[in-house]
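Following this line, the structures themselves.
Same chain, two partners: chain A is paired with chain B first, then with chain C.
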Partner chain A sequence: MSATDRALAAPPRTMRLPEALLAVLGAAALVLVAFLAPWLKFVLTVALAKGIAVLGILLLLRAGQVSFGHSMFLAVGAYTVAFLAPAVPEALLLLPLGALLAGILGLVIGLFVVRYRDIFFGMLNLALSMVLYSLLEKLYALTKGTDGIRVSGLTFAGITPDRETQEWVMFGLALVLAIGFGLLVRAYLASPMGRALAGIKTRETRLEFMGVSARRVLLFAYVMSAVMGGVGGTLVAMTTRHVTPQLAYWTSSGELVFIAILGGAGSALGPFLGATAFELVRVYAAAAVADAWQMILGGVLLAVILFAPGGLWGMLTSRLKGRGA
Partner chain B sequence: MTHAVTRRAAMLGAAATSGSLLLAGGNAGAQQKPAELRVGITTFLSGAASVFGVPAKQAAEMLFEEINKAGGIGGVPVKAFFVDEAPGTDHLVGEYRRLVQNEGVHIIFASISSGSCLACTPLSDEMRKTTLLWDCGTQRIFEEGPHPYAFRTQGYGTPEVLAPLLYLLKHKPDFKTLAVINQDYAWGRDSWEMWKAGMDALKPGVRVVAEMFPRFGATDYSTEVTRLLAARPDVVLSTSWGGDLVTLVRQATERKLFDRSTFVLPVAEASLQTLGRNMASGHIIGARGDHWNNHPKPKDPARLAKFVDSYRAKFNEYPIYPCHHMAQAISAMQAGFAKAIAAKGGAWPNDQELANAFRGLTFDTPTSSITLREDGQGLEDQIVGMSTFTDRFPFAVPKDMVIFPAAMVSTPVGMKSVEWLKTLKPDILAQMAAPIAG
Partner chain C sequence: MSAAVHGGPQDRGANRPRQATPLLSARGLRLAFGGVKAADGIDLDVMPGEFLAIIGPNGAGKTTFINMSTGYLKPQDGTITYDGQPIIGLSPRAIVRRGIGRSFQLPQLFTEHTVLENAALAIAAHAGIWSPFTPLLRRGYHDQAMALLDRFGLGPVAQSRADALNEGARKLADIAMAVALQPRLVLMDEPTSGVAAAEKMGIVETLVRVLRDTGVTAVFVEHDMDVVARFADRVAVWSQGRIAALGPPQQVLNDPAVLRDVIGIEASPPSGAGH
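Right, the complex of A and B next:
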């Protein structure tokens, strides 16, 4: 078993308590940072939103499948908010609506992409996300092309908060949803349906012999990941308040996969670790060296691949294990 | 194992550093005269549009150095914080917040890309931070709603499209067919919509034989050139810019398209140095303003010469229009702060007082002077001319230049550009000034 496989395998029972503890500590640290450095609230909200989308990618990674087009669901969620906000400014309504639409699209697309595996699965997702990108860009009369759409003012449970409160509300909403989806994914991965995902990765025929339909297992995970992508997208749109087709571009999907690798696929905490690290590295690299920040980001990814194939989560767990022994 | 320990130590060190950086921010009181005047500047530092962004950044650095040598603004030295626009809108709005909330900038220069400007302007409303839109051209900004803290210190899409259209109607009034080849993104589409509205109002009945929108950043225009050769339009319009325009002109020149049709290139200026002798003469070229190197009657010839010469001495090339737009924004900033400080009797202005100073402000540029209208839009004159070659420059410059006063070609306050262009009457051509040989 290689290091990656070990990291991807379900965590042993003894790891459960530290994982919960780490999650609580992490959430507390985020709140503290948001409180101390107000401008980082925005960055962290976006990080949490992307973390939720990456959580969806993690499900597919468990089955050994990489989707290089997952940001299309993010874009669906974001554009749902942008299109509907003038008519329905209620954030608490737009959020499930974006998730629902992303889920429906995920079901339609999932029905045929789950027939494919590996590179074909990844490339088909990529192709479909680029179709969505082109539509968003070309249907100029509807989408305003690459200029994008400004998200109009939102209400939260009927109340229109001022800017400072709204930033806190968005941050809190993202944090609560992140924890909720984190718990959901943990429960799901521990369930037979979740365990079957690992079966797809190791040997699919064995699943079929046991009478489990690999396609249905993967389809369920795919739709779930699409819903999480949609939720991430609605949060991004409500936070940045401006959506552009760039959200559906393949580089955005690549970014999500990058975050998944950076964070490590070993735990539901990985995506949030990865997303927070990614956004912070990006924002500080951009602040320190405005014209070479991409190089720093690339350097970080290379370092993670070379020295910590289990991602940040893998690094954390090996530290904790080292302590225990 | 030692290896792991050193790595761990390094990680801890990195975490500690980022932690101290993390908490370094905070808002300083703005009323006191600050130790330095902090200016946040968003521009393209990577990607295709960095051909505009990097020269503009160089111009800003050069001018800031000059200002600081002369004692700063109101006795305060100026410091620039550059931000890359290339990673996209969600990154940029985060960077805008960082500049305001963490770096504590006093003023922001926002954006080359129209998408960036559309995202930053509402932020300027929310964060009450004076924002100078220093290069973006979208007409939507001030036409879709008021923005009390945003000001555009240069012209915009409407005059930049209308001026070449009027020039064409005056100098080649008998054209019957036209083809358009624009980049497939917002500017390409918007500029065509405005051109079409204006053309249909001023010269109804022109047949559009081809509407082509090759993708942004395309490297091969052979299909488009073939179609244009077959369609034989009298006029070819292209508002493309940067590398795209260079590629299009080179491939069209090779196949003699420039001999058959008259080209109208409203954003040609920035690409002419790269094209050198490859640009054909006798075609209509624009500069998104009046800042040509051979401006026939600049307001302050010594200042223009000094700007061009010091830029050339430093960077070994002529400044292109984004450099001039940056110079305009800096000039506006100097005038705005001077006005605000004077209004407060020598004290340092707060955000609201600074924004008030910019409304209706008139400031000088190397070539003329610009007034910011009551809606925040700057009135910059346009010069359009016919491409030609002289002994002075190793690249094409305009001749038979017409100066269009900004008020003549800009949409009146409170109207939408496309609607206004539809109401134009042919007598606007009579208002045009006589061409200057150049």
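Right, the complex of A and C next:
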């Protein structure tokens, strides 16, 4: 029996689930919930916005890296809206501007942090995010410190819709962007660069001996994740209408990592599953036990880590596979 | 040991194949880790098209030579030229792009990828991976990767995850990834270590067939003297960071000093030596 014959005994790759179908069903479910419970539109919009930012965390997780400071890009997107809205109230301009500025900051910071791995990568991101937090908090004349900045007077394609319409517009915008970035990330992860990114996690040495710069591969993913953080931040600012330095605080970054683990890194749908579950648990747990809702969230995360290491996405797919078998 | 030196730096010309210009040429390489001399004046020419085996006890500096030739380690003294150009100080990436591939004692496969993806990624790396939104397994890369794996007899396991392979298949896949980069020279660190004895010869035969077909020059570190006797054009014997002997296998592997000091005093010449 030759080496190759023996290796034939290896289990074949499992079939891919109809991810696209699940995405369509998920989007339809969100729209339905927004119709049936209008007060949840706000919560779902914020969940989608955070989901886009968490997609960025997912990219870094694919490379085996965890950023504990990624909400700094969310804050950059949000403060872009807060600072520029008085001069440029057009939401459709503020969105790409927030993404662009976050991307530029991502490139500058990325050039430095992609030289490091693991705990050093995570802690450097955290340290830099806390620098931004301190600036946002201390430069009161510019940022109004912890009071934050109110966002008002936004227009959408030149129109100022009423409150109800605006909620729908924001929800729709977040949903369309979530689908767009989900597709983009999916295509990227299947591309040579995306597969090389996953290679950083398992065999970075081999990448170098294939003539590929692992740092450049990681930098591209880092900038992409910063852009998605920026987009998430602009959406959060436009939805909540109030921007504070808390967005850049380390606990906000921890929340993004929390959502990524909760949703699972196995699919571009994971971050949205995680973000929706996170926001809904937070809302209902806070209403039910105002003083202990964080304990409930902690319990949920513990349960996921212990019983579903693939996150909600992993749990969902194993259920579906079990049913299909 | 000096009596055992054949074709070493002093009389390299006598054993040099007919081609005049070496593909890889090392002169006076020195590198010490603390008090341990991993390279203590290495002079070696690798001629185009040849299969050069490096043998010697553990700790003799065999892997160090491969690491220095591929940019992973920088010698404290000496020069290495590839195709007439100095390569010391270049990064592994730059050296790979010049045409030197390598495989590893512990295969460096992307363990979460399939074997097909591993091969396709290496092919894409050679072509340029900077296309962020085209699928890796698009037609061209898929077909090229399958053709490469078929040549190595790995076609049937193309869809298996790399960490599900046995050691022999992992070794072949590791070398296939080096060959995917279309190198002119491949440096292989113990391509058969950890492989079951019954499978070893089959794997080496596959390997040599592919490399000969491709016209790749090969340097390989090997502990199995039967493999060396059968497949090497020349053998370099490493001992304490120096080349103790260099020449055709039938000559080197029958040298009493090599047998005593390098292979071990009890060892008898390999069954295939001289053939």
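General observations
Simple rule for what comes next: the second predicted complex is superposed on the first by the 308 of 325 C-alpha atoms of A that agree within 3 Å, B and C clash if a C-alpha of one lies under 4 Å from a C-alpha of the other, contacts with A are read in each partner's own complex, and residues count from 1 in each chain.
Methods note: a residue touches a chain if its C-beta (ideal position, glycine included) is under 8 Å from a C-beta of that chain, and two chains touch if they have at least 3 such contacts.
Note that the coordinates shown come from a computational prediction; the quantities given were computed from them, not determined experimentally.
Of the two partner chains placed by the overlay, only chain B lies in contact with A:Glu137; chain C stays clear of it. Contact with chain C, but none with chain B, is seen for A:Pro192 once the two complexes are overlaid on the shared chain.
Once the two complexes are laid over each other on the shared chain, residue contacts for A:Thr240 go to chain B alone; chain C is not touched. Residue overlap on chain A between the chain B contacts of one complex and the chain C contacts of the other is empty. Across the complex, chain A meets chain C through its residues 2-8, 10-13, 184, 187-188, 190-196, 198-199, 201-203, 205-213, 217, 220.
Chain B meets chain A in the complex at residues 7-8, 11, 18, 21-23, 25, 45-46, 82-84, 87-91, 93-95, 97-98, 100-102, 114-115, 118-119, 122, 126-127, 138, 140, 184-186, 189, 216.
Residues 70, 91-93, 96-97, 101-102, 104, 108-114, 117, 120-122, 124-126, 129-137, 141, 153-157, 159-161, 164-169, 172, 177-178, 181, 195, 199, 202-203 of chain C touch chain A in their complex. Those residues of chain A lying in contact with chain B across their complex are 33, 36-40, 42-43, 46, 137-138, 140, 144-148, 150, 163, 236, 240-244, 246-247, 280, 282-284, 286-287, 290-291, 293-294, 307, 315, 319.
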